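Both of the next two complexes hold subunit A, though its partner changes from subunit B to subunit C.
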Partner chain A sequence: MTALPDKTDRTLGLVIDLDICVGCHACVVACKGWNDTSQTSGLSDSDPYGEAPEGAFLNRIHSYEITREDAPATVVHFPKSCLHCEDAPCVTVCPTGASFKRREDGIVLVNEDDCIGCGLCAWACPYGAREMDPTTQVMKKCTLCVDRIYNEELPEIDREPACVRTCPANARHFGDLSDPGSAVSKLVAAREGMDLMPEMDTRPVNKYLPPRPRDAEIDVLAPLLEPVAEEPRGFLKWLDAALDRI
Partner chain B sequence: MHPARSLILFTVLSGQGFGLLVFLGLGTPEVEGWRAFAAYALAFALAGGGLMSSAFHLGHPERALKAFREWRTSWLSREAWLSVAALSVNGLYGLCLMLGLRIAPLGWLGALLAIATVVATSMIYASLRTVPRWHRPEVPVLFVALALSGGALIAGQRWLGLSLLLIGAGLQLFAWMRGDRALAESGTSIHSATGLGMMGTVRSLEAPHTGENYLTREMVHVVGRKHAAKLRAIGAALAFAGPAFFLLWPGGATVFLAAPFHLLGTCVLRWLFFAQAEHVVGLYYGRR
Partner chain C sequence: MRPEPQVDTQVRISDEVRKTTCYMCACRCGIDVHLKDGKLVYIEGNRDHPVNKGVLCAKGSAGIMQVNSPARLRAPLRRVGPRGSGEFEEISWDEALDLAVSWMKPLRDTAPEKLVFFTGRDQSQSFTGYWAQAFGTPNYAAHGGFCSVNMAAAGIYTMGGAFWEFGEPDWDRTKLFLLFGVAEDHASNPMKLGLSKLKARGVKIISVNPIRTGYNAIADEWVGITPGTDGLFVLSLIHELLRSGKIDLDYLSRYTNAGVLIDCDPKSETEGLFLRDDEGRPLCIDRKTGKPAPLDGKAVRPDLAGSLRRAGITHRTAFQLLAETYLSDDYAPAKVAKRCGIEANQIRRIAADLARTAFEEAITLDRPWTDFRGERHKTMTGRPVSMHAMRGVSAHSNGFQTARAIHVLQILLGSVEVPGGFRFKPPYPKPAHAHPVPHHKATPGAPLGGPHLGYPQGPEHLALKDDGTPSRIDKAFSWENPLSAHGLMHMVIANAAAGDPYRIDTLFLYMANMAWNSSMNTRGTMEMLSATDDSGDYTIPHIIVSDAYSSEMVAYADLVLPDTTYLERHDCISLLDRPISDPDAAADAIRWPVLTPDRDVRSFQSALCDLGHRLSLPGFVDEDGAPRFADYADYIQTHERRAGVGPLAGWRIGAKGYAHGRGEPNGAQIDSYIANGGFFTAHVPDEAAFFKPWNAAYQDWAVEMGFYDRPEPYLFQLYVEPLAKFRLAASGRGTRQPPDHLRAPILATFHPLPVWYPPLSEGFSDPVEYPLHALTQRPMAMYHSWGSQNAWLRQIHGVNPLFVPTAVWQAHGFKDGDWARVTSTHGEIVVHVAHMAALNPHTVWTWNAIGKRKGAWALSPGAPEATKGFLLNHLIPELLPERGDGMRWSNSDPVTGQAAWFDLKVKIEKVDPQDEAFPVIAAQTSPVPPGGQDR
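Here is the complex of A and B:
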């Protein structure tokens, strides 16, 4: 059924801290590794060792430069995977019902046996979260590691998405965003977590924590430091004057 | 957006086929017997051929029948249902005509369903908010206008065809003018895409990967845009000016040339419809 549920019992999703992400791409590798081996259909590449390697990924890291007139440029690393939107446009456009949003936890999934590979869901997604598998020709997307988070075969510590589990900087957090008491909800409240492209009215579940302002904190020791001499003194003063006269 | 050949053929051919069915259904021209057979064979070849070519766009064409399931929410599914309904009703009406029986209301219903099918086809694109150039009310109107003008020309309707060409050209011009501003007016930019606009001017420093991926090939097609202005002129000349010239030529000796020129021109216009459309995901890649 491609009609969206009115309400989901839980709203599982990710909170991604743009202040902390160091752009190491470890989550990309962990995601690719888990999803390529955990599912029978894999997550394939085309020409992986050839001239033009390419492949399907469910999580990718962009890097952006932010420039300002009054401050040095900043680089922000920007992980992007499916945002499991509450008003997911990828689900409603699907003609076969292969795409669906789960009522119990809000995860958006694809039933690969029903996917005809028309690609319309990828067109409908503003975030580029869906990619066609070059080998199996069905649509792939982030499952929020649905085969990890409920998997009782795994140690409890591993029952979270592979990207979250692997992040060495703790920039990715997983939890129930419908529960105001959850750690992720508190993070979002404390750090003013934001939606990507809010004007698209997709109501994304995943939230992004904006980078914190930094310069103010660096100046704590500034009064204790000796000021840099503006005017040369002693030998340098003589040399400066002598060179000026030449 | 990547201008896939299968989608251009699908939308153009099925559009012209259903356009022809509209006029056959309305009885302009009135055909019977063998003439009805020839006219309906052509219309079904166009509409059916177009629909078949859409299957080549699928990763799994063998599962195409599953596309009938989700008509409640999906325009692609509605298009599937409407095309089957339109072909069935028009097929029945055509069969009656061949046998010398004219059931006018059945023809009107067929014409209505044929127009509805073209509307559904266009809504597959116009319903996508992610492509501001497509997400506009003039898109379905233009699709219908081009289908009707093509149908009228194939049906040999000289003055009706001419007036539809005029309307089509006007709509196309309007769609280009509005479409060129659509992305800027949509309010979506790299700033809203990243949410980092409040910190300063955002620029893509590094893409997630060195090569291309499915998204950049499918949705960030920039190759053809270089010649967009020239192609617009060529498309408009082939689709509107050329056919109008052939229709107006004294004596009507060149009327039969109008339809093939219009078909060719519509293919160019449809190519541009895809190639010029910017998907907002390109903003994440610092491209359009």
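Here is the complex of A and C:
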């Protein structure tokens, strides 16, 4: 069993806007590319050109349909990675202390040197956000790009997670959710950001901004266009008068 | 508690970053390529780049796997087995090029048209076209004919520019956005960046699409239209706007040909044509004087309600004809709603939305400008409604007129080239009449007289031989498809195999997978490629293919010229070609070899320079016969298309140092591009930023930049006169007339005002027997991404089910894991199905180009792409079924020849579960070793 810190100095996390995510997988692949090169052990792919390719991805997109009684069905694209929970069950379940939550910023990480690949943490995570590397058999997870956000080798503007930097739809935001004045906190307040599966009592740090209503705000009583004339000659009369006015 | 583990937060992944241009799709984003010890380690977006501004899509980030793909070809290949088998031997470049010359040289000397050169997703068309022109064959085009020529042609003829590369919404100012038929493609990052701007401002997005995925999934309102009826929907919107007078009359009068006088006498020799003065200028009635005057004359105010009787002939304005046409009850929402598969009230509501936004939420910028009539305006007023459309509109046989209808809607609202509307990207706008007309006369031993592709202004510009038969193997610019501005690549192999209109000798293809997902009737096409004549010789005697990867098409080549990957080559993204500008700046870019090939491969364009020299083509050799260009980079820097204008606009040489736009060639130009991050931009002056076709400041700037040689202001063509000219010919007037069997199709489709007709295939199949529309989309993570051998992307999209709408799903009793037989008039496939509710109830669809042939792309033969993946192409014929008239009609838009992929109708039935999708195609032998086990 591994202990969680009583509190963290900051609460870094992602805010993901489901109103704008188009499901393009840009974040998925940027994450794969960065972590494959930045992590010493990489993110491997087994059978990459074969019958059952299976690689470690720290971020994946799921698509769901929502069917409605009185309106057409909608599709929601739902990116999912580790939510860096305040009460992270993946940490407390870890038998070796490999899984831990950082005191300074709340990021949940795996110390690969201590990981025995037992998979308990993946079992404990209600979100399915951990992935066993198929060749090294070490547990992998989103690091919130801890090797980018403080990295002085990178230009300051690039010190954000790879998924946030690359998102073409600007659906991903990164910041300190413990600071009510931060841009991410304001977004969460303005858009009623939500926890994923709050009933699991994990207190996830990452927040999701719900899709705005689709097709729903249509006001069926909104005024339709009034004809200027009911027959063609009337239209030409209107035209002539209208041309005189310009 | 034990101390927290230390984490290395100061990782240094690379020791060098090189900036070049992505080629994982057609967007041409800027990328930062990270190298460590000379090896590729990471790719991310270039923050300074005008296209992507730092972001990058899934394909772009996965480029590392494309560059390291096991499917990369490794050396030139000569076929040793039968065509299609994939059995090759590796040969040297000298052997390869000598072999190519041994086939091509005799053709150039005797019959240049027998070399047929088509390029697929080529981003160097101004170069490949130049080479084909020098060779002298009329048979050259790229893939536009099966992609989106309908969009390009409709846009150019109507307003001198089209969607995507030619223009884009004013994302920062628009207040209502309509998106038609964008099947997760065109464009990628620019579209997402734009949509996110709209979302940030709370701008309403309306999507018109039978399928609600991707961009359509985030739209505020969905119009789940029945495929092929978008044109009818748009004309109904126009009906509503006209009926309520919600049109911008001032804009129409000043900037369009709404006021032009048209011969309305059905017996006249010039019926439907403009009334012109002695100098050939179209005439209108000047509302200020009541007298005839040139439509584009200084200080003239064209009268939209004018009429004139001259020499016994009544002339009325284009606007009157337009109003009468669309005010007809035929276009009333209640009349069209059922056909479009939507509610009449949705049409009425959207029309009201358009009108309210355009006229009650108008934008005015305090930015003075002067128009081409000499009038000074204090402000710029905009109607903040914008639109974008792509393949869902263009890939129908009524797509040209549908795209025209969308442009007419935009123009009636006064929303093109205004703040908040749709804006052109330099070097556009450029009207149809400023483009070349087609050149097609083949002369042994001589180059072609000019560019192959262009915009005919009437029957006189058709590409016909003296005997009236088509000059081109694809029959582009013939009476069958007169305005085929991008050619008809999808007809090349079928026509060549049939020897119709003539036999060819050498088929030369670049970057086009015609033996698989880029052809209709895929299986038939594979047979045509390997068909033999009575003496056992191949009907198409020689096939040369250049590709970087082991594709399905490579297996059908006699000779393979292995291309480099996109990080190992020079390229120019040229203003002469398909540029990367945005509405506020002209831009072009380069690729350069940020990696050195580790294989015996050459960039195709450099190989063409070499071939040009070996064939002594004009422009490719000096006076003494020495090579004119060392390689493609040399061409990019030193070629001049016109004096002072070359492939790249930046850092040319002027009288005092560098000059941009026009200038002498600079032998170190590419170095300047590299130093600037791989691209060049020139900002459009503020006064020139809107009203570009009519804005004197823009016209002057365009001349300065070298886009035109003199100012070319022009008016938007609501009424397209060249279409009227083809009608006249089809109705028996004029000296050049179509064959009798083509008169009726031309009269049915060549209307100078947009018209809607049902997709032509519907006249060839029983709607009761084949009740469902069948479509494809390219997934965002793979659109244009040159194959699913990419180890990361194939984990995202490795198989493609057929998505079935709820009512059909229930009626057939389908459940998860089921399989279905899908049948069209042309063939059948057996595939696995999945349910989708957010789908037009008469439509099924799948992801395109996931399915692969066994043995291709260095995939294992058991790969899901090769077992469960499938192509809808097997159901789509390139020729419509016979119907007893003795003719076989091409499955194309009769105006432009655009491949009508999305006209497909099918039926579906449940079958027992299968191990593999049908048809099962025999494996090809791989010329490269299979991909490794683990990575």
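What we mean here is this: the second predicted complex is superposed on the first by the 213 of 246 C-alpha atoms of A that agree within 3 Å, B and C clash if a C-alpha of one lies under 4 Å from a C-alpha of the other, contacts with A are read in each partner's own complex, and residues count from 1 in each chain.
The rule we apply is simple: a contact is a pair of C-beta atoms (placed from the backbone, for glycine too) under 8 Å apart; a residue touches a chain by one contact, two chains touch by 3 or more.
Small disclaimer: the values here were computed from a predicted structure and weren't measured.
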Query: Between subunit B (first) and subunit C (second), which does A:D114 come into contact with in this model arrangement: first, second, both, or neither?
result: both
Message: On the A-aligned overlay, A:E54 touches which partner chain: subunit B = first, subunit C = second, or both, or neither?
response: both
Task: Tell me which partner A:V93 touches in the superposition: subunit B (first), subunit C (second), both or neither.
output: first
- prompt: Touching A:E65, do we find subunit B (first), subunit C (second), both, or neither?
  reply: both
Query: With the two structures laid over each other on chain A, which partner does A:M200 touch: subunit B (first), subunit C (second), both, or neither?
result: first
- request: Pick one for A:V28: touches subunit B only (first), subunit C only (second), both, or neither.
  value: both
Message: Quick check on the superposed pair: does A:A169 touch subunit B, subunit C, both, or neither? Answer first, second, both or neither.
response: second
- prompt: Of the partners subunit B and subunit C, which touch A:A3 in the superposed model: first, second, both, neither?
  reply: both
Message: Just checking: does A:A189 make contact with subunit B only, subunit C only, both, or neither of them? Give me first, second, both or neither.
response: neither
Message: Considering only the contact definition stated at the top, list the common interface residues of subunit A for subunit B and subunit C.
response: 3, 28, 53-55, 57, 63, 65, 67, 74-76, 97, 114, 134, 211
Message: Considering only the defined contacts, which subunit B positions touch subunit A in the complex?
response: 1, 57-61, 63-64, 66-70, 72-77, 80, 124, 127-131, 186-188, 190, 192-196, 198-209, 211-215, 218-219, 279-281, 284-285
Statement: Within the complex, subunit C is touched by subunit A residues 3, 17, 19-26, 28-30, 32-34, 37-38, 44-51, 53-55, 57, 63, 65, 67, 72-77, 97, 100, 102-103, 109, 111, 113-114, 134-135, 146-147, 149-153, 157, 162, 165-171, 211-212, 214-215, 217-218, 220, 222-228, 232, 235-236, 238-240, 242-243, 246
Field: Sites on subunit A touched by subunit B in the complex
entry: 1-3, 18, 28, 52-57, 60-68, 71, 74-76, 78, 80, 89, 91-98, 114-120, 122-128, 131-132, 134, 136-138, 194-201, 208, 210-211
Message: Quick check: in the complex, which residue numbers of subunit C touch subunit A?
response: 1-2, 4-5, 7-13, 34, 41-45, 47, 52, 54-62, 64, 70, 188-189, 192-193, 195-196, 199-200, 212-215, 217-222, 224, 240-246, 249-250, 253, 287, 303-305, 320, 323-324, 327, 345, 348-349, 351-352, 355, 780-781, 789, 791-796, 798, 836-839, 858-860, 862-864, 930-935
